[in-house]
């Protein structure tokens, strides 16, 4: 098993010293600035993409690129398993296309150290990108997703329930609604115990319509909670465009109404995402309360699994057969895929002189090998023992079997 | 039993012809305009209180005054019963102080006719004002509130559950949260069946924090539902000021964020309330969707029942013993009671020449007599039959007794 | 009569009632109101009745259920389809508002509403949160709401007609695992009564009581047991509220042996009520329950398939009892 | 030892645990975290621990319960007091998130949280919606959550300590009708175990099983029955999940007569489970259940007092059975 999370964890540590000189920002802005806008109080000059990322170390920036690649190749490999390996039983709600969001946000967080100092991430039904960005052990996640007993969660939870609190990844949640409210509770406890930790929740555009949305924002604002709500607006909930459930063009408008600072960022650009997250984290740690970040993004695959996808190719095409009211047009998919977060990150790093083309390719090859090894290890792990299903209902003991009378 | 609902129902009928000439509005504005403001798109000239009420018939205006008095004297009589009659078992969450809100809104509604043309009102735990304004039979309501078998709901529901769909009073609801969402469902059905009916929900400032608030406004806006949300902001929920649960000064701001037209009105002034409601009703009937009206108001009694009140006197004073975080200062109560909706309505009508002082006093005496008779009738009605509790669980049949084994 | 799937049978009933009543509405979220069946026209409520009556909404099951309730109170027949993920989101409004409405108004409130609430198919791998087989118990405890749980396409259609014509609110539990089950189903509308259990097979040695997606496993087990010479009476509850006590008690009085079979968690599964009613009314009988353990359903297929109901588990319990 | 009210005993435990653990939080809505008792200092959590740890919130019980869950997941002990009006508002998050969390994470998630959830006192006049005596069944069906229901001040304090020290989530049902019940309660902290029923009286003719606010009526009835020469064994369930089967089965094996008494609706009240477990394990016993009918509680005191539990109703059922 070859995977080296240590270096990337260090790179992702937001508290690492940052001594690098500023870099050529305006140039970058021309590349990526198209979708930038904010509803917050801080107005950006036209073409300016913010400033925090300029001060990051090369190691940290490279780490972000590596993270994006890890998420991407984990997914492509898993999709290929689903499409070609009849013995593979795992599944996922794929995150490909959205990698820059998880990566940029988690790069601004504290992802290691004692549990009472680490920042906490709440994820959704689409968790593998968030999990990797937060630093979970990929081979163990691969094993978990294929229901192996040595998986991250012993094979109990799999795709929609992965969790690793040791890196602050509180975990996936298969339900739409509850996670943001629960995340606000973690933020509540940080404030009550005087900790400078922050809680982050990743939630889709679909979550806007859930009644919990109001509870989360209202209480976070009222109590000034250190909560960062990252709304990944990929335009669709399961089978309908978000305009079927939201009257706002920018969901951030809804948050701004509570008096919460908001940022709308290009979710395909990891640097923009990082900048917004860094500002939010700084504010939250300083007792300034919540921030709402809306990342405009898109998923390359359909809602669930790999229908419409081909092995060895990125993305899924063709209308989702269940989407009757509102389709996801193939042209829309192809247009968004032009703005690939991997490509954008790579271009930025090369443009900034952090990497050259060969260096970027080397990293990509390393990541591919790492992921291949993760699958090799994960899929060779032992299956679960049936009787163990009766464990872990409570902290101690086993519940009785009842299925045989 | 002497009570004459017919004339007042006719007077309250918003579709009755209105041929009267305009009246001296600017004069009135000086009396009542202090708290006027709007967040809607229609800006009012300074000192202008709107225009619809000017065209109402004398009969209709007098009817509104009569309604306010009915609500007031029903409550004062009931409070006195609670304070002095040990055999009286009824209770209420008193509405005194807020009468102009229910009266002004319901005066703009269709309160009679076939069930599929009538406008529908959803009320709260504080329902008797809404019920009277919508036109329920007061003696039957009095009987219901004292658990009599000939009460409006056979003694099954009493204070927090009164209902009379024949006048479109769908009814009280003791829970905070559900009523607005359910009301939006009635509005949904009106639109689906092409009816021009409107649904109205009365909800307190406390309801803002309930997650249902978001669902109601979001879906009403998305589907353009003919729903009028009347937020009676009496500054407190059970034992806390609304600032403990709401970050907005005006709750209407929250509604405006959805793109819903809002009006903030002086809830002590029935004419202002009527004007706002009339505009909202016209818009809803014409397919223009929802409106949110925030009425700034205050309750003269404490949250529940008559603690702190004296028989024969209006209002309850002294701190509520259970309100630990946030008090309702006695000075605040006394200040608000200076702006009594009965007095304001009376002054307006006299100022407009609709009534003279003697006429106003006559109406007051008539109403007192009517309410006294309602209590006499109501409290002499038969008690319920124990076994009947097993009825009305379903449309037909009786459920078995289980309490004896 | 044509072979029809469960899903098609249900939508055939809904389509008919919507054609009869132009006020009737249908609210959905992610389950399109579309069904097809070999040899029959595709049913698509959205295109047939338009988007004013058939609405695709956001992820807010509490709104869906509440909106249907409000439509019913306003005099419109109304229904919604709640996917299993949201099965308990609208619980409070059904429990504390809808179920109490007729009673609290002294019989006045009419509620011609149906909430179709899915129960997950027992798909291995879904895991804890996407596994609402347990909701039958929660909804069954509520007074004032008729809770039904069909197990065949025939009953699914007939109960849907009956539910939509009833002025009582109905929780119509939809076991997603049965969606593609097929049988002969009449083309014309008909009602299956909202208060009768079905005796699927008569017998004298043992009574087995189950419901919904528990039934196929029971029928498989009974085939084996019958082959072994056991005479089993099989009762499909069909209606959880008001439960048909008479059919159960009469059967157990005859067989003196009762086995209940539930997909729901053991503690307070519907079988607890079945056993308790029989035990109160029949002396000297013997009782056993098969159910999901009091544990969330694990994702691992190995754990899960061992824990869920199986024909062998049911047959084994039956043999123990007789 | 001092005579203490139920309410005071509960807050004494909470106060102690908050003093021990500076991270512990308390969220409330309309029930002030204040208790007084003759001869003892007033407890006021809000003034003692400040408004960062003790928060008065808006009317959003789902947020309250979810926030406490999130605090627990972040490593802080946390509790909230949900008034009976909101008793089922947070149902889904307890049922489909909290109860499944430890299991779905393979044992990793720690949830040191307590949700105090009120059940109404059976006050005549309150009527249907303000009458959540029924929630015991809903919460009892959920795996992964320890649901307790004390019936005495002593147990109320000891179970609160145990609940707050447990790393399992606990639904602590608080029968509001018992708030002012008084008995001798130790001043120092102690635990009542989260898995044991209490035998309140031993006897040989009949076992009566009840819980929470059902207990006072049972004890009254038993006094009468004892006076009449009947030997009654009285079991107070105390814990609904995991229910103490052994104590019940041993008792019924001895008495061969079981009467269950519930304030909850008959169908699937906790008594259904008690009868079913006994019936599965004891042959030749007789069973009866007393419960609230399957109807919402009417407001009319005449109807309501006839329908709710009474000592006479319980005693009558006991006589019928023996």
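Going in written order, the chains are labelled A, B, C and D, and every chain counts its residues from 1.
One rule holds in what follows: contacts are C-beta pairs under 8 Å (C-beta built on N, C-alpha and C of every residue); 3 or more make two chains touch, one makes a residue touch a chain.
Quick caveat: nothing in here was measured; it's all calculated off a predicted structure.
Chains that touch both subunit A and subunit D are the following: B, C. Averaging C-alpha coordinates per chain and comparing to subunit D, the farthest chain turns out to be A. Work out the mean CA point of subunit B and of subunit C, and you get 41 Å between them.
With centres defined as mean CA coordinates, subunit C is found 38 Å away from subunit A. Mean C-alpha position of subunit C lies 30 Å from that of subunit D. Separating the CA-averaged centres of subunit A and subunit B is a span of 48 Å.
Looking at subunit A, residues 155-157, 161, 173, 175, 209, 211-212, 215, 218, 222, 244-246, 393, 399 sit in touch with two or more other chains. Shown for subunit C are the residues that touch two or more other chains, namely 57-58, 60, 62-63, 89, 92, 96-97, 103-104, 127-129, 143-144, 242, 288-289, 293-296, 298-299.
In terms of inter-chain touching, the protein chains here all touch one another pairwise.
Of all residues in subunit D, those touching subunit A in their complex are 22-23, 25, 52-53, 55, 57-58, 60, 62-63, 66-76, 78, 92-93, 96-97, 102-110, 143-144, 146, 166-168, 242. Residue ranges of subunit A in contact with subunit B, taken from their complex: 209, 211-215, 218, 221-222, 244-248, 253-254, 256-259. For subunit B in complex with subunit C, the residues that touch the partner chain are 115-116, 120, 151-157, 161, 163-165, 170-171, 173, 175, 177-178, 181-194, 197, 199, 211-212, 215-216, 218-219, 222-223, 391-395, 399. Put simply, subunit D touches subunit B in their complex at residues 30, 32, 34, 44, 46, 51, 56-60, 62-63, 85, 89, 125-130, 259, 266, 288-310, 313-314, 316-318, 320-321.
The touching residues of subunit C, when paired with subunit D in their complex, are 88-89, 91-92, 95-97, 99-100, 103-104, 127-129, 132, 134, 137-138, 140-144, 241-243, 264-265, 267-273, 275-276, 279-280, 283-284, 286-289, 293-296, 298-299.
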